[in-house]
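To start, the structure under review is shown below, and the notes come after it.
Think of it as A, B and C in the order they're written, each chain with its own count starting at 1.
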Amino acid sequence: MICRSRFFASRFFLGTLIFVFGLAWSGNAASESIPRRIVSLAPSITETVFALGFGNRLVGVTSHCDYPAEAKRLPKIGDFMSPSLEVIAAKQPDLVIGVAGATDPARAREIERLGIKITLVSVSSVSEILSSFKHIAALLGDPDAGATLVEKITAQFGKVKRRIAPAPRRSTLLAVGLRPLVAVGGKNFLDELITLAGGENIAGNASQPWLNLPDEYVVAKAPQVIIQAGMGSDASRPTRQWSDLKSIPAVKERRVYTYNSDKILRPGPRIGEGLEEIARLIHPECFNVGKSRGARGSRCEGSGS
Amino acid sequence: MKVLDRKKLFLVNSILLALLVLSAAACTLLGPVRLDLSQALTHLFSSNPDAEILLRARLPRVLLGVAIGGGMAACGVVLQALLGNPLACPQMLGVSGGASLGGILGIIFFPNWLLPIASGRLGEISWIPLAAFLGALLSMILVYRFSLFHGRLHPYHLLLSGVILNSFIAAVIMFLNSIVDFYQAQGLLFWLMGSLSTRAYLTVGFIWLYILVGFLWLWSKGVSLNLITLGEDAAMYLGVEPGALQRQVFIASSLMIGAMVSVSGMIGFVGLMVPHVMRLLIGSDHRLLLPASFLAGGIFLCWADTFARILLAPAELPVGIVTAFFGGPFFLFLLYREGRRSLGL
Amino acid sequence: MNAIHTHNLTFGYKNRPVLHGVSLSVAGGEMLAILGPNGSGKTTLLKIFSGVLRGQGELKIKGKNIESYSRRELSQFFAVVQQEARVNFPYSAAEIVLMARASYHSPLTLENRHDLEVARTSMDLTDSLAFADRYLHELSGGEKQRVMIARALAQEPEILLLDEPSAFLDLRHQIQMFELLSRLNRERRLTIVAALHDLNLAALFFPRLVMLCNGRIHRDGAPGEVLTEKTIQDVYGIRVRIEHDSATKKPQLFIRPSVS
């Protein structure tokens, strides 16, 4: 019973902590020198540092950091949920970067107490993610790199937006877990991505960023597209799991898809690609995917499909 | 002399059964989503959203809730008799911990495996409940081996090995929780907090059969359970072979608990609360206490699940939280009362 | 055929022998008391007789080996009153007494009118009918004991074993209980074997005494033969004076605390 309540206290509605509070700890900005030894506490941070061109400064990453490929070869400092204090300290970093709400705040305080500079960035919305790029770039001494990255992603966003502009909005369910059904809610960068991709998140009005959805809610909201996380990409599976709820438009029209979770779910520099991926699933017809599985061949224009 | 007679047996169970049916009906009609009943009924077997909500989304979970609530309550009753302690509950034996661990390992390593049996109409059957049940079996065997001396299962050893096993499993689960990614961790919580979310009538039917058979068997042991609460020696003097009864009841209830946890995760407090409340209302004679607790447990869990669906709509609370929320304070109140009573206050 | 017959009974725990070669026969309708200091093996002997413990040696109940009876069969003629009644669950006195009828009906049926009658009569005999519907844990030690005796009687036994039955009873209830036992022994030919502490009461009510010492039978016979000053000195290591009460014709102990 003690175990259960600890879980409840520290893990459940983890997302609520991330996105409702969203504290951004700013590091001691008036530091003298530019950090040369960086430890990353999250895969999205690792990707960001590489994308900004500072991959060579990383001296420690989490065991979940697998992109880009070079990251896999970097020394590991523990896992995403509980990084190892000693290993981090041993690396003698100038800067440790974590994610507000995902990195354990107690662990962060301990790192600070060791005299190591640590900053937690907030990534609970698209704008916060983009800001985090600029912030990290500034910390690492090259604000221009941040601006460049933001521009690149903004351009990617724009491209997608133009592509899908003529298409009608489609109500969408984006699920990260199936048993139980964990869906993207409101106050979540993915909720924004869905909107940007021309979809309408059926759980978007929820105040929690992640929530368990009862099946009846999904049936009632009748999403036109269902997108599920999948390890690997077994295309046939997801359809089977919803196939008994034939009243759902997504099931009727065979718009149930899996996606590769890493690209889409990380609040890092690949959100532009993630957006495109989501948009391709919501509006396959706008991407000239002639063989879009089962989706009623529709033109990419507002035809009420 | 006020003792159990046929009239009381019939009356209490009839009332509870009626309440159960009403509750099940009400809980099927209630939910975070508004249900148009006339639509649902006229288009019952077509792909109509209201019909699907009624028949595919709600009814299976209400039925599952009734079965599991009843099963947990019945197991609570017999475990309290077995351990000679009115504060025992199904979670204590380590079986539910083993089932959780099995399920979690299944989620981590084989999250998408599905059994080949499954037709779209009856719903999908995942491999994970089987993994969980395997975990339950292993725990049961472990606790059994550690508690069996000269053919008897000593309550002290049962309790102790159950508690130790639970602690060990909790540690393993915490370790696993630290190595999975954030999104898998959400799924892990299901096992620890419970959920009655299901659309698979096949699973529901199977569990119903399983629990009904188990419950009927336990009910038939009502007299023996009365006697065993007098102590092993006294039970022997009155004609019961305690060793055989203990072994059989332990295995039966462990199997039931294992099956239930495999399907719906750990739902606590039903097995502790319901027997106690029923004891206060109708006495400790197991021939009445068992069926009454079974029915009352079904009523309780049915409503708990409805609250779980409605309270934070559209989000669904794990039903174990709702039962714990009501059960926790109640447990404390019980302890307080027991304490006063044992002190003769 | 004897009610209880044991020959060369031996029993011990791992490193601790308790009973050595006990041979004893109790005839049907006999009433005997087992006496002896703590650790002499009284309770162990009773537990072996009632089937809770298994010793080495011969043990026959009603002419048949005890192992040949199932527990259910045994409980239909063999009743035991334990030293202490501890009940963890709230049962009423009446419910407790009725549990004695378990071996008389199938597990799937409730008690019938006859069962209720037997229970009522038994409680009446032990003067416990007044609190039939009160919870056992609310009763005093003595009241609980009377309920337990009523339960044993409700089994309608032919043989009754009692382990220190008077432990919690006040003097009046002790006398009442022994008088009841004597009456049942006379009227129903109930075989009674009781382990007792109180030597005087044993002498008064029991025609046969068996004195145990260190797991062996020291003396076995009428009170006059067993309760002698020498026996008490040998077994208990204390000096007493024995006098025969002119009214009851039974030996009674007068205690002489040691002077030195």
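The rule we apply is simple: a residue touches a chain if its C-beta (ideal position, glycine included) is under 8 Å from a C-beta of that chain, and two chains touch if they have at least 3 such contacts.
Given the structure is predicted, the values throughout are model-derived calculations rather than measurements.
Participant: Please state which pair of chains has more C-beta contact pairs than any other pair.
Facilitator: Chains joined by the most C-beta contact pairs: A-B.
Participant: Please identify which chain has its centre, taken as the mean of its CA atoms, farthest from the centre of chain A.
Facilitator: So the farthest one, by centre of C-alpha atoms, is C.
Participant: Cα centroid separation between chain A and chain B, in whole Å?
Facilitator: Distance between chain centres, rounded to whole Å: 37 Å.
Participant: From the mean C-alpha coordinate of chain B to that of chain C, what's the distance rounded to whole Å?
Facilitator: 44
Participant: Distance from the CA centroid of chain A to that of chain C, rounded to the nearest Å?
Facilitator: 78
Participant: Where on chain B is chain C touching in the complex?
Facilitator: Its residues touching chain C are 1-6, 9, 80-81, 84-86, 220-224, 226-227, 229-231, 233-234, 236-241, 279, 283-285, 287, 341.
Participant: Under the touch definition given earlier, write down the residues of chain B that touch chain A in their complex.
Facilitator: 31-35, 47-49, 51-53, 56-58, 91, 107, 111-112, 114, 118, 120-124, 126, 128, 170, 173-174, 177-179, 181-187, 189-190, 192-193, 195, 197, 199, 266, 268, 309, 313-318, 320-321, 324
Participant: With touch defined as at the start, can you tell me which chain A residues reach chain B in the complex?
Facilitator: 1-4, 7-8, 11-12, 14, 63-64, 79-82, 102, 176-182, 185, 203, 205-206, 208, 210-217, 219-220, 222, 229-231, 234, 237, 240-241, 243-248, 252, 261, 265
Participant: How about chain C: which of its residues touch chain B in the complex?
Facilitator: 47, 50-52, 70-72, 74-76, 78-80, 82, 85-92, 94-96, 98-100, 102-103, 107-108, 110-111, 116, 119-120, 132-133, 137, 155
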